[in-house]
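Same chain, two partners: subunit A is paired with subunit B first, then with subunit C.
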Partner chain A sequence: MGIVSRGFRGRRREQDDRLPPGQYLVDDFPVLSAGPTPRVPLDRWEFAIDTEAEVTHRWSWPELMALAQTTPTVDLHCVTKWSKLDTSWQGVSLDTLFEDVETAAEYALVYSYGGYTTNLPLEDLLDGKAWIVHRYDGEELEPRHGGPARLLVPHLYLWKSAKWVRGIRLLDEDWPGFWETAGYHNYGDPWREQRYQGD
Partner chain B sequence: MRWRTATLTGVREETPSARTLVFDVPDWPGHLAGQHVDVRLTADDGYTAQRSYSLAAATAFELTVERVPDGEVSPYLTEVIEPGDRVEIRGPVGGWFVWRPENKSPVLLVGGGSGIVPLMAMIRARRQAGSRAPFRLLYSLRDPLRRYYADELRQPDPGLDVAYLYTRAAPEGWARPPGRILLDDLAEGGWPADFEPDCYVCGPTGFVEAAADLLLALGHAPGRIRTERFGPT
Partner chain C sequence: MTTEHLDGNALAGPLAEIFSVDVTAATGRCASCGLSGPVASLRVYGPAPGFVARCPGCDEVVLRLVRGPDAAWLDLRGAVSLRVALPE
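Our next item is the complex of A and B:
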């Protein structure tokens, strides 16, 4: 047990086994990003997967909409300590997008409109663990929450769920992204409280 | 990153709902202006709660905390803790929303409410380093009673211009009518985009979204606009 802060009792309404260590529950949906919110017109929007063999697979907005849609309900955990349970989304599983992608790469670097990047092992994007989502709570995804489309990888801290997602580059070697080079943990598992480098 | 024990040594009241806490942290490695720390409170039965707070000073370990109604940690830090009491902290955290004294570019600081805190750290770091980088601060706040660091910001600080943007109630005779931040505020109180200033925008989400969009509209490059948003804690 850590140092006791005299007189601290806490609110204790957050005893929930779905809450990772150090997190607290919120009911609203806070926004965090490092710069201005990019606005991406749908007729110019595209999503790409670039393989380590320099093969690029592309989807336009209508092509993304034509793919099988799923509606995941997931818990979100932000490294800034808030968690939000049972959020409902609509989008396309990355398993669907990877169906025709041939790769032996182990790592992925996700990149966004506006220049944001984040990295993760490719296996964390597959087998039903990640989606490209474009609707939240029954509505079109607002730009400030990452619209028109964002990555959703809810088993990692939310900075891995890149807003305004533009593509995924597959790599043989790990390539740290924006926050990962600014002192945050390379992997970011909320259940192991991997917030910062060295955690 | 390890947890350290921080002992409260002093308190300064900033507003009726905010105060600055000065801590003694042995072996604090130092920080950059704009960085934040995690604070962990532990109750005597082991229950813990953590939150993040921006560092307010250039070198000393100071936090300015606004009491959030129905909050869990901020009521303790603004109403209960007394000199001699201890909390745990770790950090510093964040390598993006920071100002470094070697940076000579003009700087525009745009703060909303308690979003002033990391910007004040930058103003203090500039003064402490003897930097001549020109700074402008646009500080949006509800009314004059909500002003943090009022005495310090009143002192002349060559190269720093400060403008207050009151949203609900301004002092008597104030030229600007109370209201939210507008394009003209940033056009008049900021820097022309062709000066290529580094812009730091911090505050509640709606404020940051609005101010960052206005800076884009004025022609500032997205890569020069750094934002930090405060969620409810």
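Our next item is the complex of A and C:
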């Protein structure tokens, strides 16, 4: 064992502890796509939260940039089994965006430019668990990774972190999204390996 | 955008797991814009997390296919119909 330092083994063990069941580590950033990459000019970009009472809160790009910015560093877990540790982002916490939103809804349907949707309980978007991010690794977020802005909700499989995010519709009833209506798990917890319906 | 997708022939193997006919040779009609054409002419994204086949005319989703370890999910809501040629 002489050539393997304790430090190296320690790092491996720490990485293994952060790897959910069935996942493997990658160093690159794979791109998976269900359609053509939308190109959204910033002067036409907007983000909206639509409540169950049909009240809409909107933010333009300059308005999003003017909000308090945070820099989460998180681990990503894709349902296709790759995981990427310590990814660095910049964006706005959804707690900030929800500050003035009055709602009693339990469910959220996230929708994107290009037509993609994904659903999750509203509580999974709050309390420091989710962000609208627009910079990755110190650079503007590339369109292939969801730029100008994507949802980041890293405690769930990455298909929940909708690229090209356009808005969140708050609902009294759960409304399954794009992959959730095509066999994928409704919730998608990587630590419980909730990949497909029935898992 | 032109290099992101495959053509509909990429669906031949996965659909052959489900159907005994070659579905890529069938003529489908897009539920969104009405364009008709062979399934093989669809623009296919995938294979992971699943196959998403889009209309070459309007880019709407015509067919989705997800393969899990012990089941497949096939969504054809975006197709009005499929015409499958059969032997007389």
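Rule of thumb we're sticking to: the second predicted complex is superposed on the first by the 184 of 199 C-alpha atoms of A that agree within 3 Å, B and C clash if a C-alpha of one lies under 4 Å from a C-alpha of the other, contacts with A are read in each partner's own complex, and residues count from 1 in each chain.
In the analysis below, a residue touches a chain if its C-beta (ideal position, glycine included) is under 8 Å from a C-beta of that chain, and two chains touch if they have at least 3 such contacts.
All of these numbers come straight from a predicted model, not from anything done at the bench.
**Student:** Have a look at where A:D127 lands relative to subunit B and subunit C in the superposition and call it first, second, both or neither.
**Tutor:** neither
**Student:** In the overlay, answer first, second, both or neither for which of subunit B and subunit C A:P36 touches.
**Tutor:** In the superposed model, A:P36 contacts both subunit B and subunit C.
**Student:** I'd like to know which partner A:G183 touches here: subunit B for first, subunit C for second, both or neither.
**Tutor:** both
**Student:** Which partner does A:E140 reach: the first (subunit B), the second (subunit C), both, or neither?
**Tutor:** neither
**Student:** Tell me which of subunit B and subunit C touches more residues of subunit A.
**Tutor:** B
**Student:** Would you check which partner chain A:E63 touches, where first means subunit B only, second means subunit C only, and both and neither mean what they say?
**Tutor:** After superposing on A, A:E63 lies clear of both subunit B and subunit C.
**Student:** If we overlay the two complexes on their shared chain A, which of subunit B and subunit C does A:E46 touch? Say first, second, both or neither.
**Tutor:** neither
**Student:** If we overlay the two complexes on their shared chain A, which of subunit B and subunit C does A:E99 touch? Say first, second, both or neither.
**Tutor:** In the superposition, A:E99 contacts neither subunit B nor subunit C.
**Student:** Taking the superposition as given, does A:D28 touch the first partner, subunit B, the second, subunit C, both, or neither?
**Tutor:** The answer is first: A:D28 touches subunit B but not subunit C.
**Student:** Which partner does A:W159 reach: the first (subunit B), the second (subunit C), both, or neither?
**Tutor:** second
**Student:** Shared contact residues on subunit A, subunit B side and subunit C side combined as an intersection?
**Tutor:** The answer is residues 32-37, 80, 115, 179, 181-183, 195-197 of subunit A.
**Student:** If you look only at subunit A, which of its residues touch subunit B in the complex?
**Tutor:** Against subunit B, the touching part of subunit A is residues 1-12, 22, 24, 26, 28, 30-38, 80-82, 114-115, 144, 178-179, 181-183, 195-199.
**Student:** Flag every residue of subunit C that touches subunit A in the complex, lowest number first.
**Tutor:** Within the complex, subunit C contacts subunit A at residues 1, 4-5, 45-46, 48-50, 52, 54, 59-61, 64, 66, 68-69, 71-73, 75.
**Student:** Hey, which residues of subunit B end up touching subunit A in the complex?
**Tutor:** Touch residues, subunit B against subunit A: 1, 3, 5, 38, 40-44, 46-52, 72, 76, 80-81, 85-88, 90, 93-97, 205, 209, 212-213, 215-216, 222-223, 225-227, 229, 231-233.
**Student:** Can you list the residues on subunit A that touch subunit C in the complex?
**Tutor:** Those residues of subunit A that touch subunit C are 32-37, 79-80, 115, 159, 179, 181-184, 195-197.
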